[in-house]
């Protein structure tokens, strides 16, 4: 017995050694499917990361309760990145050397671009993440990635469609932070605006570290645009802009994109936030329209869940859907097959998370809707129907 | 390598004046240091000796006057250029490089006469390698043995006693292929035995290397023993010069050293001058 | 007033206003440098801490602003005292660079501690300033910026007066001029060091509250300190007047560059000025030149 | 106890490795480096490559800051110049791998000299701040020189090929990076047994006296900037081949502080210091990861503590070493060495 036990122990350690040495473990039939995640639980994007993680976990839980994918359980293996690219890359390398990973969640544009060559080289996984960078919306350059929503240019296009309908010929000011994130949609926005008969009367670039925006507000006051579209910020310096604009009696309507649109970040701002508008590809937790998946979420989590939560939830849904379709077709889980399966998604029902059936012919889901903040209710209220900018 | 020492140089200072703001550190100072001689520059504290040294080695730029070396006007030359020309000095407050060993400190003296470039240095190849090894050999044979510092060559200079540090400084100055040695208080703070050793080394340098030596020194005994010529500064002016015996007897020198009767005023001047230097 | 001129005036005023904020922060650098010859980069993080302390007092404990502000400022002073005694004093006599790097490390520690205590999310400070717009004739001035200007207008002259007349201030100046001499005159030099750090860090904390009120607080807000560092280099590391004038100049130039060239030119203009200043007047407009000795 | 070895010649006494023990250690290190890629998993191999790049860069910074005494907070910006050079050359010219790296080093050296120019007038902290300014200005150039740098979105690189073999995986890159870094470290060690290295140390210890001893200060300060930036440029170039994308945000200001911290912790002014500092500072955050993982069953939300804890530890290491061990880890290693030298005859 003793000998036996020892031998087993030796075998076990040998197996552990093999794993540690990076020799791929022999695939088993009923092996679990691991989603890897470089998730920013701390740092400037921490508020989003916490929601993303919860959303992904919840969807995985629902999925596993329904029997997983093809009988295989799904697990999220993730670590905090602090929203730093080098840490995200380290996490990626660590997670992928621990488990066989075919699905991945990445946390930033920087990471998505940095890891892209490695994704292509491995050819074993597809990735989506917190970045909606327009650059990523290119199946040729980023064949193993996709966005669980519209890219930033598409988001602004949705806003422009809305403006063109609400106030034809309106004047627009673009306000962007001097970062890759902020500068992303500027060039395309101008093209799109003139095509829609809108006039871009100016653009303001703010340094990423700027706190005081008085001079920028003065620029805004001078141009007196009908709309100001902010991109590249989460919250600051938006409230200060809106505050001062209100003091100056400006009629300008303030608009933002996905990451500025969570109602919880606006709750502290108070009255000044009233009327802020923006584009949102998903339904809010408190939306009243019929949505079975939202009902399920509200059942699991009686408290408000952020838009980041929904983003994580939906991303997990789409990642696993791709895996489900690949396995159903009897194919191997690799980047090419997974992406091809993802692209077969057509008129797909997200359970109401997105208000219309979606298709993913390329790398993004270019639909969204305008919501407006109601400071009294502390909620975002729908201000338009669902708008698709799919070409 | 083992080159012969370079020919000794003759230094001449003509009408040198130096001031800091309103304070005149040197006024119209002129003297000559004959090739191959030992000349001492003496004077009470604050007389301008170190300022004079700083002018000669190129650290201070005098407002007026010229410095001639073997007849060539070097007043406008920068310190490194003068070093290359053969000006080698030691410092009053020992300026050894604490981060280096004795050997490296001595090698540093040869810097201006070496030619290897950065690429050769990175590869330690070609000229760099040859030069370094030749230098090492020469230092071992001509300087380390000569100054009797064999036992400490690999030690960091910071850990050495004061007297030895002074000797390493002299070694470094010798490595500079000097044509004139400028020694700033070579025996200051030394005990009797160390002072005698140093005096002997200075004389040996003169004998064996034939180098011109100009030194600032307070130790009158040693100055009078080994100098060929003495220049006395007081309040930035030359008050006497000549053979040691002549200078010693000069009443102005005696007065300068014993004080002018108003010690407070003197102290003040001294402090001011030191501040400025 | 023509539109163009009005706009220019408004932009300049806003620039001077944010310059005032820079001046107050710069003052913290100057005070500490003047007394202890330490460039304390952790001023940036004390600034951040000031914002958070105010946040904790005002939002966490629900204290009114007039209690929360002094509490945060005192808190900044206490941190200054602890830091000085704990890590700066043991470094006495070390090279300026080493002490500078200690403050850099310290800054990192403070950021991490703030993240552990309050999390990493950016937050909004509770409103405690008037929001009534200020118009000087036709010229608009953001109220918060006006407050920053007012604070600077009070604090900077106050420091100038303190340095000149108050005993502690005189001791500080004496220590700045010659530590050994001050010591032999019976001045409690370590005490002066502590005092400078306490006042300096308290000032920084105060600036942090102002800054937080305008732009919200986050663990990363200390970056603002880098701009203030530029101010002190341009103005002169040991000059209170230099901090004031340097701050206003940099604020103005940044505003004009940001408006007429574009926001992306703000930083680069500031640092461009810095390089030019270093080449022309290495010790700043009002700084004391250091004499080199052999 | 080892008895001092008698030397055959001065050249053997001038050699880098003088004793059998030193040769033995070097052999062990070489063997370990040879075996590593076969023993490490993907994650550790990734770290090994990163460490290698960081060692190269830290050694470069050590030449400037540790040996010459010129504090630079521009190392990240210098690396960025190197990375961009490699990226642009590969995208637009298609020159070979080694050429690109050398070009990156050379161009960065030129930029380094320009950045070093203020050392004409200022030194110490003022110079450090000038290098901060220079790095922000360089960042501005990277963002706004769209036609060359592709602006904020940066440049993606194809994998390099090394004499026909594509360098795609970390396993491949390791075999190229390690020898390059080893050569760079060797070069630095060589430098400090020649007149140029001695001149640097002299400038650090007493710059004015150095001038009187025949060392033109400005020329040597700029030379130090050039050599140090050359190293940074090559390290940046390797970085570009490693991550295969270069954006203005690839080299944030904190990276400069990281390298300064690495040489402080490792030991300023010793070759060993640059190496151990870079290894240590790169690996500490990763080791903390395991610590946090281990603590996670006991501490709620341990995962969210990792990043702040890393920030604290990073700062505390800088402060701790400066206050308690200003000579860094290299000094600790020397002390251990001396201890074993004398062993068993302890003092």
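First chain written, first letter: the chains are A, B, C and D, and each begins at residue 1.
Definition applied: a contact is a pair of C-beta atoms (placed from the backbone, for glycine too) under 8 Å apart; a residue touches a chain by one contact, two chains touch by 3 or more.
In this text the structure is predicted, and so the values were computed from the model without any measurement.
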Chain closest to the middle [Cα centroid of all protein chains]: D
Relative to chain D, chain with the most remote C-alpha centre: B
Approximate Å spacing (C-alpha centroids) for the pair chain C, chain D: 33
Chain centre separation in whole Å, for chain B relative to chain A (CA means): 73
Chain B-chain D separation of Cα centroids, rounded to whole Å: 40
Distance from chain C to chain B - Cα centre to Cα centre, in angstrom: 48
Residues of chain A whose C-beta touches two or more other chains: 42-43, 46, 82, 178
Set of chain B residues in contact with two or more other chains: 59, 91, 95
Shared-contact residues (touching 2 or more other chains) in chain D: 143, 208-209, 212, 307-308, 310
Touching residues on chain C, where the partner in the complex is chain A: 3, 7, 10-11, 14-15, 17-18, 21, 115, 119-124, 127, 131-133, 140, 142-143, 145, 211, 214-216, 218, 220-221, 223-224, 255, 258-259, 262-264, 266-267
Footprint of chain D on chain B - complex, ascending: 57-59, 78-80, 83-84, 89, 91, 95, 97-100, 104, 107-112, 114, 116-118, 120-124, 128, 131-133, 136-137, 140, 172, 176
Chain D partner contacts - residues on chain C that touch it in the complex: 39, 87, 90-91, 94, 96-98, 100-102, 104-113, 115-116, 120, 226, 229-230, 233, 264, 267-268, 271-272, 274-275, 278-279, 282-283, 292-294
Chain D residues within the chain A interface of the complex: 39-47, 50, 143, 151-154, 156-157, 159, 168-169, 243-245, 247-250, 285-286, 289, 303-304, 306-308, 310
Interface residues, chain A side, partner chain C - complex: 42-44, 46-47, 82, 178, 204-207, 209-219, 221-222, 234-237, 239-240, 243-244, 247-248, 268-270
